[in-house]
Structures are given as C-alpha cells and as structure tokens.
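Each structure below appears as structure tokens.
Paired with subunit B in one complex and with subunit C in the other, subunit A is shared by the two complexes that follow.
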Partner chain A sequence: MTDVADPPVDVRDVAEIDMSVPAEGAYLSVLRTAAAGLAARLNFTLDDIEDLRIAVDEACSILLAQAIAGSRLTCAFHMTEDSVTVRASVRATSPRIPSRDGFSWTVLTALTSRVEFDIRSPDLLLIELSHQRPVVGLA
Partner chain B sequence: MKTSAEALVDATPSIPPERDLKPRRATKDYAEARARTKTAFAKLAQLEPEDPDWAEIREQLVRLHLPLVEHLARRFSNRGEPFDDLAQVGTIGLLKAVDRFEPERGVEFSTYATPTIVGEIKRHFRDRGWSIRVPRRLQEMRLELSTVTADLTHELSRSPTVSELAGRLQVDQDSVLEGLESANAYSTLSLDAPDTRDELGGTMAEALRFDDDAFGHIEDRESLKPLLAKLTPRDRKILLLRFFHGMTQSQIAAEIGMSQMHVSRLLSRTLATLRQELLSD
Partner chain C sequence: MDLSLDTRAEGEHTVVSVAGEIDVYTAPKLREALLELVNAGKYHIVVDVERVEFLDSTGLGVLVGGLKRVRAHNGTLQVVCTQERLLKIFRITGLTKVFALHGSVAEAVAEN
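Moving on, here comes the complex of A and B:
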C-alpha cells in the first residue's frame, strides 16, 4: 500500500515463510492475504488464488475454535515452483481432528489439492494443506 | 421522513410515480398536481432566491414530489440500506432537480427529476458499499479488474493470473493484488448484486434436487440442512455448485451472472456463517 515500489522478490527462492499471530479471528485476514499474495506471485489463476484464500480461512478457523485462549497461531508457507503448502497449528487442550466425512473437510478438499490434519503432541493440532497450480495454457 | 411524507400524501394531491398511474384513482389528482407543479415553477422563475416566497414555493414543489422519491427509494430497498436513508438521499436528488429544472424545455418535471433522484440513491450505494473506506483509486481498480477478469476468462477459457491482469491493465502486479484485497473489503451491499431471491426459482429447484445425493456422505448433514435452508437461494446455489458440483468460481460467475470476485466474497461469507453455526453446536 506504499507508493515506494518494493524490490521484486522471486518467491521461488524463498522456500519458507513463517508467521505467528495471536490465535484470534481478527488476525486471520493477515494470513489470508499472505496466502493470496504468495499464490499470485507463483502465477496462480484468480480461481486458485481465491480458493486458497478461502481454504486458509476455513482451516485456520477450525484451529482457532480449539485454540487455548491467549495462545498463538503459527503458520508456515512453503513454496515450490507450482505449489503452495500451508502448515498451520495451534495449542489446544484436547485437540480433535474434524471428521473426514464432515462438511468442513468436504469444503477443504474441494478447495485444495491435499489436506491433512494431525495431532503432533498431546496439545498441538496441526493442519497442512497444499494447492498445486494446475497445468494451464493449452486452452 | 416517511411519516411526514405520508401525512403529506393525505393532505395534498401529489404526483404519483408514473408507473403507478392508474386511471381509476389518480388521473384527476395527477392532473391537478401537474398543474400545481407547472404554476409553481412559473412563479419560482419570476422570483429572486432572496424572496421569502421563493423558498416557500420551492418547499411546496419538494413536498409535492416526495411520493416519487419514496417510490424510487423503495425500488432499492431490498439491498441492505434502510429505506428512510434512501428516501433521504433521494430527497437531496429531488432538491437538485427542482433547482436545475428548466420548464421552458417542455419536459415534465417528474421525467426530469427521476434520473437525478435515482442517481443520488445510487451514489449513496457507491459510497456506502465499502465496509472499510477504500480510496476511490482502489474502487476504480476493483471495477476495472472485474471487467478485465471477465474478458480474459472468456479469451483464455480459464481464470486469468495476476500477471495477465496486470499486463492487460498496464499496471504492476502489486496494484492488481491491492485491487483484489480491496475487493474483499467490499461489502455485499452492492448494486451489482441485485436481489435475486425470486430470480433463481427454477434453477434452484434443479440445484436442490441434487441435495440428497450431494450430502449423502456428509456426516453432519442433519445439522447442516437447516442452516442451508436459512441461506438465500443464491448463496445456497453458489455453495452447492462450488463444493458439491466441483464448479470453479469463474464457472459459477458465468452461470449466475456476476463477477468471479463477487462469487468469492459470497462464498467466504456463506462459509463463515455456516462455520459459526456448526461450531456453536
């Protein structure tokens, strides 16, 4: 939003971006925006960018619903030439993985190429989702 | 606003909106009001604005046409802004019309005033349609993006990338991203979101026929169904098409006749609503 042009960044050289925000809904927009910005720079289409934005919103909201009050939501973005992987986690008192047959999971699988939940330690709920850029251009 | 206007309708014959001109009741009143309008403008033309009578006649003209304002405001009242506010900004348009009207041109005042009043109401939507105050530069970018996205989607037979949009608009990619962000700040209150509660009747029935198949495997479908029922047909249809029929946002945009950005906003909003209610169980 500044008038000073940012130096061009080739995100493909930046393998990982780590972010940590308070585990509160108000900060989700920061993560959504980051996800959309990174996907755009990988030349994703608008459809894919917006899907990823919504997926990050959905995934992180699921985490926030279980997060211990006052804790943090950490979110790592990993980029390859044609994919973005988002790994987000929160501390939860008794983490529960949403059912694979539930609505949220249906939504997330429709929006991403891959989605996995995991409980890494007794109090750590993690979600990892990837969005692969489809092969385009031969329309 | 409304009540005072209603009182006036009872008290004086006034100009009914053109569309509502039914011969049975209105012809006489209408002719009378039209004559009064004509006389009033003729008087007004002879007076200087400093004259106390000038203000009074101007006031009369405004009162006489308040029902027209209300009629026009009502046409926009399903779009999320209070009717009273719309009638109020419409009245500003009416005042402008009274001040600019040139009777010698031979046009009926109500014909002349209608676009001015509608213009003022639309401007109100434009200004209020942003949940966060977004600079005009970005509002314009959003509009351009919307058009160019539709064009490119058509040309490429797929959704465009940010660099393609930037190339077409001859701006840098950051500007496109800013525009996309601001589109997300744009509230659903928008003139490109006509009230579609009735328009989707047929196709909705079609979409809903898939419901049971679509939700068959969903574990929480029983808690989901009443929530879906509360959505507007349009929001429900977008949700179904995206998540249960595997259509892309651009395809849905084309199907429903709105911009892809708008589909994205509506989807996000619908999911947030459902999530809130599903999680609160």
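Moving on, here comes the complex of A and C:
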C-alpha cells in the first residue's frame, strides 16, 4: 500500500503489486480502494476507475463465498501502459467454478474486457480480469 | 466506511435513507432493516440511496429481495437515485425496468 500511496512512483515502472488481506468481507473496501488508486495512476477516466473498483469488488465477493474461514484473499495487480489485470484467489475446500448467471456475473462481464475463473489446484479458486485503458487518453 | 441507515415515516411511506457503502460486508444491515419494516407491516418503502458512495450486486440483491417481500403484501419499494455511477449498475442488470427509480423522495412518495 505504501508504494501505491507515494506520489513519485510511476506506476508504469511497477509491473506487479501483490496484496493479501483476510478473506473477509470487511476487507473488500481495501482492495477496491487499491484498484481505484492504481487505475488513477494509469490516467484512467473517472468512469473507468469506477468500473475497475466495482469489478474488483464483484470478483473478490464471488471468491469470498467459497473461501475457507480464516484464510486469506490474495490479489495481484499487473499493470501495463494500457491495462490493469487483476488476479485474485482464495483457498476453498472444494472449489467450484461460480455460476455465470446472476447480477454479479452480469456486472463483472459488463465492466471488464475479459474475465475468467480457474481452479488451479484442488483447493485454489482463481479469477482473472482485465480492464483496458481507454484508447483515447485524457491529459 | 460503514453503512448508516435512517428510517422515517412520510405519510403512508417509510423512507429509508442509506449512506455509505453497500457491499457484501454491509448489505446484511440493509437486508435486516427492510425485513424488520416488512415484519412491522410497512409495505410501502422508499429507499433513498443518494448518499451511497458504493453499490455492488449484493446491494442490488438486497433491494430485489425487499421488493419481493413488499409485493407479497401488494406493497411497493421505490428507489431514489440520481447518481450516474449507481444508475449504471441498475441499467447493466436490467433493474431500471424492475424498480421505480425517482429523482427525489418527494417524487417517490407522491406516487402510489
């Protein structure tokens, strides 16, 4: 978080930022705020910043539904000059690919350029989403 | 940021003013408040989200749940919302066709 908060850091020099918070709903706001802060550094428009904030929230909320109590939610933000990719994961007892209907999935797919679930190991549920920076950047 | 709720009567309506962030963590508080109102026989509810800074699909689910409950009693659940970033979520999910969305509490309570 310190790296994110320091004004002199050029986000384009920071390839990857990893965060880990307790897998509890109370910490979603922390991840949302981080996502919005990073998008702002990429000169995303206010609308795109808000889209990413909501997308990260929805993605992590989906993961929390399956997270093992007392475990952690990890969230990696990978930034390039034109996009943010977020890879979030939790440990789950028997991970299942979440349902692709419902409000949550509808919102996620509407606000991201790409979103995918994956089960990487018998107890790891992962979601990866990307948000493209607008082609026409603002000054 | 937590969620704060203020409930008051406006004629036949009960207005719930919500402030803060509605997500997985805070939504149960709103769900509980709506449930209590319905259990108390308040079937015409106006949820004012003008001071809500964040709303996700969990919050929408709570509002839909509230709507189903009041409709079971021939009631209404109207939403006061003019914030574009919140309206966007209602639009994406198609809920602008489900909820009566109003620009002010006065407008909402005038409609019955």
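Please note the rule applied: the second predicted complex is superposed on the first by the 126 of 139 C-alpha atoms of A that agree within 3 Å, B and C clash if a C-alpha of one lies under 4 Å from a C-alpha of the other, contacts with A are read in each partner's own complex, and residues count from 1 in each chain.
As a working rule, a residue touches a chain if its C-beta (ideal position, glycine included) is under 8 Å from a C-beta of that chain, and two chains touch if they have at least 3 such contacts.
What you see is a predicted model; the values in this text were computed from it and never measured.
With the C-alpha superposition on subunit A as described, subunit C and subunit B clash in the combined arrangement. By the touch criterion stated above, A:123 is placed in contact with neither subunit B nor subunit C. Of the two partner chains placed around the shared chain by superposition, subunit B and subunit C are both touched by A:104. In the overlay built on the shared chain, the residue A:82 is in contact with neither subunit B nor subunit C.
Of the two partner chains, subunit C is the only one that A:26 touches; subunit B does not reach it.
Of the two partner chains placed around the shared chain by superposition, subunit B and subunit C are both touched by A:53. Considering which of subunit B and subunit C touches more of subunit A, the answer is B. Residue contacts after overlaying the shared chain place A:61 against subunit B and subunit C alike.
Touching of subunit A by both subunit B and subunit C, each in its own complex, is seen for residues 32, 47, 50, 53-54, 57-58, 61, 102-104, 106-107, 110.
Put simply, subunit B touches subunit A in their complex at residues 149, 156-163, 165, 172-174, 176-178, 180-181, 184, 217-221, 224, 242-244, 246, 248-250, 260-261, 264, 267-268, 271-272, 274-275, 278-279. By the touch rule above, subunit A contacts subunit B in their complex via residues 1, 5-6, 32-33, 36-37, 40-41, 43-51, 53-54, 57-58, 61-62, 65, 99, 101-104, 106-107, 110, 136, 139.
Subunit A makes touch with subunit C in their complex at residues 24-26, 28-29, 32, 47, 50, 53-54, 57-58, 61, 64, 102-104, 106-107, 110-111. Across the interface of their complex, subunit A is touched by residues 1, 21, 23-25, 54, 56-58, 60-61, 85, 89, 92-93 of subunit C.
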